[in-house]
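Shared chain: chain A. Partners: chain B in the first complex, chain C in the second.
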Partner chain A sequence: MQVFLQTVIGGVSLGAIYALVALGFSLVYRTMGLVNFAHGNVVTVGAYLASTFYLSTKLPFALAMVAAIVVTGVIGLVIERVLRPLENKDFDLMLIGTIGFGIVLDALIIMIWGATGRAVPSPVPAAPLQLLGLRIRTYDLVVLAIAAVATVLLVLFLQRTKRGAAMQAVAMDHEAATAVGIHVGRSNAIAFMIGAGLAALAGGLVGPLLYVSPALGGTLGIKGFAAAILGGFGNIPGAILGGIAIGILDAYTAGHFQGYSELVTFLVFTVVIMIRPTGIFGERTVNRA
Partner chain B sequence: MRYRLALLALALLAVLLWLLPYGLDSYSIHVVNVIIIFAVLAVGLGLAMGIGGQVNLAQVAFFGVGAYATAILTTRSGLGFWFAAVLAVAVTMVVGLLVGLPALRIQSHYLGIVTLGLALAFTNWVTNAQIAGGAEGISAIPVPSLPGVDLSSEYLYYYLELIVFAVGLAFGLFVVRTGLGRRLRAMRDDSLAAGALGADVPALRLTAFLLASIYGGIGGVLYAGVIRYVAPESFNIANMFLLLAMVIIGGRQSLVGCVAGAVALSVLREALVDHPTVAQIAYGAVVVLVVVFAPTGLAGVPVRLRAAIERRRRGGAAAARLQAFQRYDVEPVQPGEQAPVLLRVASVSKHFRGLKALDDVSLTVVTGEIRGVVGPNGSGKTTLFNVISGLYRPTLGRVEFKGEDLTGKPPYRLARAGMSRTFQNLRLFGDLTVRENVLVALDRSRTTESWRYVLRPLSVRRRDQRLRAEADGVLDQYGLTEFAGLPPRSLPYGTQRRVEIARAVAAGPALLLLDEPAAGLNGEEVRQLNEMVHSIRDSGVTVIIIEHNMGLVMTMCEQVTVLASGRIIAEGTPAQVAATPAVIEAYLGDSMSDLPPVPTEVNQ
Partner chain C sequence: MSRLRAAAPISVLAAALVAVLATGCSAPGKDKGSSGDDTGPIKIALADAQSGQLSSLGAWELKGVKLAVQEWNSKGGINGRQIELGVFDTQADPTIGTTLARKIASEGYIAMLGTAESAVTVAMAPILKQEAIPNITSGQSPGLVAVGSEFLFLNGPTSTTYDETLAKYIVDSQGLKSIAMITNNGSYGKGEHDAFLKALGTRGVTPVADQVVTTDQKDFSAALTTIRQKNPKVIFLGAEEVESGLIVKQARDLGITAPFAGAAPQGTPVFLNTAGAKNVEGTIVSSPYLSNDVSDASKTFAAAYKTAYNEDAELHGAKAYDGAQIMLTALKNSNVAKGKDLAAAIRATKYKGLLGDFAYDQTGVGIFATSIGTIKGGKLTAAQS
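Entry: the complex of A and B
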């Protein structure tokens, strides 16, 4: 039991990161039906930016994070603007277009920060808390708190603001949204911007947990995406639960299969998605007749 | 003339490729050898993604499986290179089928992420597994032996690769241009319509992955033979995206384009070999630009040029014209009193969550009948068609066709049993020509018979030529000959409707389901439609037709079924039905029911 709980705790903080990545995927998907394959690379960019501001520019951790979010938000806007001609037309092409952006971002990262990675020290005291015989890292609590606040803010934005309501409308029916005077392109742009911001938040937070390297976003992106699908794509509570689930699965497979953890995680994911393509909370069907 | 010119160009190209090694130093020939391997991989990816429409981001894993299997079998099990190579390709095919399994349930983005995840799983496995040599990989793969040829020389290895590549490309083109490729492309354009025409979509999706894995496996074997060393980083995601970029930039729907993309990108990478990140930025940016501005890639350039020249030369005159429909030259079969029942719909209900789209609907259609199905919008007519043709599985009830219970069978099984349909919103295969649209329907060969492509290519070819002649007959009958080589979306709406009917009839059905065939047609076109449907029936096809054009229903149908809110409210001859109070109420609302009945032409 003790071991199991420790595994769960170990998985939850990384799971919260996956959840943030998944939220970014879901937000873009529910607004424009598109999966942004460059999302993982944006996470890496965010991680590098945050760590650079924090380590080299000596900004406080929180401020470094905000700066990183702003810069990646701009990247999100650029991606959306370039691919706008394809919106609501050919999604396979858009998907490949985002992969193209991913390739470019990947190269830019290596060009700017080099191919080797860097370790980011934790911004809070490293001594873990002891609770009922379980070890809890203080930084894990920080991650959970920030992820929770970000989720609440996102939900409030979507439900309580006019702009958020407009985005919900676009998500449901972009043609009807256009008919009532909503600027669909702008709505999509904001979705992309927030999605990229969430990616930077995830990247910045994951820095002290994992080693920041050009390969960071690849796995984070795919696992975040898996989390989004698992929760029911486009569903916000689903993305959170999916993220935590993948995080725990990850911690479990890392404990039991060591090097093969990734292999097991993806196989489990594939099987789950074949059994239930719409995910746990999925409402939309994958193949619409 | 053009054919001969092409043949001449091909011969010239072959000679040039044969002489190529004489002008290259030992480094360049190595580069060329790697380029050919990428070209083979690109052809495989093009077959899966461009032709079959299956987002396959695991092609690099197929490549890896082929290479690693060869390496393991030769160094660990001590097998000879060629025996190991055959086994390696077989192993890759098995892996290809397994990776393709998720495609039966999910498509597009989802499939992309699953295949990408499986590709990552593969690299994860080889970096950890002892048998695969871990991060160091496996070195000292033996030189493939060929009597009289020293394949350790990269110059001679080039010829081996060239031959394999040429055969592979020719086979790929052969597949694309005959029945299997046509069905794959039809499925890519519209899997629903393809299924309704008898294309066994599940088997086709697996075939797309199988084809990709064969090319991946062969590429892997060639790689193991020339580099003689395998390591995980050769099969990472960056290389997957490079491969994808090759296919997209070259033009995914054309295999030759895929090869061109592979060559172009490899050359670019070689030119920028000292600045790999610059090269990566360049091809990433080109992918984005191609996707936005030229989705057909390099392969689309000549087509666009030719179209532009043609437009200038002809100035838009002499457009293709629709010819009259020619009646079927048969003795009309009169439906007798005791005509056998063809279709029996027994107490079918279809619920969508709380909505009862169909509520206890029963319907019997006898052979040789023209049955009209009418009803207000949202009354469940198309849902009924979708249940009959297998797109929806009914919540309750049964559908019997030719006395057999076919409830819940997939659409392609029903199509093969003799059912064919058109769609309310036209579902033509957009990137196929009109002739190919008809060919997809005519071609009844099964995907599981595709082994013929390997073992009996000549019989496949002969069969295809026979089908083409048949297709030309169908097009001629429907007055569509002048449109044969055009893509359907360039056609006027009424003509597209006719193409869809011709396609449905070409499938040789016993039962034809027409979903609002007169929608959007003008008066003359409706008259022709009436004649067409009667002639189709006279040729022995039973017809069920959903239609809003009451004049057409009244003159065309012998029996009419009226649906309202998912229930049958009347059934009988047009005259009987038109006089039923419930029908008038459904159409005009109950406040109108005390008005005198609307006179129809049948009443007079």
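Entry: the complex of A and C
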């Protein structure tokens, strides 16, 4: 029982990171119908920026995170701006464009920071909390809290602000949205910017948990993508649930199937997707392609 | 990202096809092109991961090898010929490794150094054997010996030696019998797992826990909680630098206080930084190169390394330096021979290196001893036994 609960705790903290990555995927997808294949690499960029501001510039961790999110958000804007001319011509080209951007970002990371990577010390050095023989890292609680706040802010933005409502409208029907005077390009740009900001948030938060290297975004990207699909692609609460589910599933299979855990995780994932192709919350599929 | 990965094998396949067509023109095992002839620079290839998660290994190796080559070149090379070092990035991927092996052959390199990953070297070995290109690898898996290629040599001991020394220290000297194991299922981790289990077996010790993780895993709560319940006195760790560091960090967060024990990766700065200096205190390391102060040769090497790269030398750079020195000595002794003659010259080379005295046997292993060290105050120091 103790092993089971400790496994769940370990799974939830990485699950929160997967959820943030999945949110970024979903937000861009629901607005534009586009899968941003550069998203994993944007996570890596965010992780490097956050660690650079934190370790080299010696900013406090929170400030370093904010700076990383802003800079990465701008990178998101640049990606959208470059791809924008393709949107109404050929959607597949746009998809390939994101793959290209991923390769470019990967190369830039190695050029700027080198291929070796770096370790980031935990900004919350307090000892783990003890509870009925279980141990909970204080930093994990910080990660969960920040992920929860980010999600609430995102939902409030989408539902309560005019700009957010406009984005919802574009997500539902971009032609009708254009007809009532909503600037679709601007809406897409904001989706890309927030998506990149979320990626930076995930990357920055995961730095002290893992090791920041050019390969960081690869695994996070794939697991985050799986999380978005599992929750229902394009669905915001689905992305959160999918992320946590993938995190716990991953931790649980690691305990039971050891070397074959990855295989079992994705087998379970495949079976779930075969039974519910639209994911847990995905009744309303966006189809813009 | 998944799309990105999927695209790679196609380009690799295409490149492999081109390489096959290019090499197909000349008979295998024969001299290739004019570049391999008796004039012009001597071409030696270094294949290692220069990008990806294991690129720190590749970076250290490159530094060690470069130092040796520069040393020889500044002394006028071999027989008046300069040594030309070609660097190839394997990305620690066996598929890319096989492509590079063909490329190295077709471009007329007469010898190869690297790689640091046993799995990649094992994948490249059949091609290098067919092309008669001697290779001194930095891998240490017993699987390398199992390949049985007369062109494959190791620049250090195999896992069997590392883990036999470690088991001897832990079980025989320290009398610790409550041992847990956590290893990954990659080529290196699997080799460590089998070698250490065998060393324990001959001493009649059964590990209290034997946990296997994947090479990509990030959360080890399940495996570590299982280990914690068995309350072992020491935990054997068989994984590469970064993963080992993450395992130790998470183990300490889970309240595991037992020291870890392992081989080469646990003696590196990357392991120490990933886990945090406080968490690795007391780690038992089996290594043929404990520090830069063990001998006069290592002090000279460390000083040259520091001057060239402004960082402290460590095991992998030293190993690669030894391997390059052996290769260059063999080339000199054989008047720049190629193929089978060069392999024979390497086997005949007796070399006093940074890791110890090399004398190769038929299996391609040249050194059979490691020392035990423990990490104290963030530094690896020789253990008192």
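By our rule, the second predicted complex is superposed on the first by the 273 of 289 C-alpha atoms of A that agree within 3 Å, B and C clash if a C-alpha of one lies under 4 Å from a C-alpha of the other, contacts with A are read in each partner's own complex, and residues count from 1 in each chain.
To be clear about the criterion, a residue touches a chain if its C-beta (ideal position, glycine included) is under 8 Å from a C-beta of that chain, and two chains touch if they have at least 3 such contacts.
Treat the numbers as computed from the prediction; the structure is a model and nothing was measured.
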Report task. Look at where chain B and chain C land on chain A after superposing the complexes, then choose clash or fit. Result -> clash
Query raised in the report: A:Leu27 contacts which: chain B (first), chain C (second), both, neither?
Result: neither
Query raised in the report: A:Val143 contacts which: chain B (first), chain C (second), both, neither?
Result: neither
Query raised in the report: Between chain B (first) and chain C (second), which, if any, makes contact with A:Ala189: first, second, both or neither?
Result: neither
Report task. With the two complexes superposed on chain A, say which partner A:Gly259 touches: chain B (first), chain C (second), both, or neither. Result -> both
Query raised in the report: Of the two partner chains, chain B (first) and chain C (second), which one does A:Phe91 touch, if any: first, second, both, or neither?
Result: first
Requested in this report: Please indicate which partner A:Ile273 is in contact with in the superposed arrangement: first for chain B, second for chain C, both, or neither.
Outcome: first
Query raised in the report: Taking the superposition as given, does A:Phe225 touch the first partner, chain B, the second, chain C, both, or neither?
Result: both
Query raised in the report: Which holds for A:Met111: it touches chain B only (first), chain C only (second), both, or neither?
Result: first
Query - chain B versus chain C as contact partner of A:Ala251, first or second or both or neither - result: second
Report task. Would you mind listing the overlap between the chain B footprint and the chain C footprint on chain A? Result -> 37, 99, 102-103, 110, 218-219, 222, 225, 258-259, 262
Query raised in the report: chain B touches which residues of chain A in the complex?
Result: 34-35, 37, 82-83, 85-86, 90-97, 99-108, 110-111, 218-219, 222, 225-226, 229, 258-260, 262-263, 266-267, 269-270, 273-274, 277, 286-287, 289
Query raised in the report: Inside the complex, what are the residues of chain A that reach chain C?
Result: 2-3, 6-7, 9-11, 13-14, 37, 39-41, 99, 102-103, 110, 114-119, 121, 128, 130, 135, 137, 209-211, 213-215, 217-219, 221-222, 225, 247, 250-252, 254-256, 258-259, 261-262
**Report entry** chain B - residues contacting chain A, complex
**Finding:** 53, 55, 101-102, 104-110, 112-114, 116-118, 120-121, 124-125, 127-128, 191-192, 237-238, 241, 244-245, 248, 277-278, 280-281, 283-288, 291-292, 295, 386, 391-392
**Report entry** In the complex with chain A, residue positions of chain C that touch it
**Finding:** 1-5, 7, 50-53, 55-56, 58-59, 184-185, 211-214, 216-223, 225-226, 229, 242, 245-246, 250, 253-255, 270, 273-274, 276
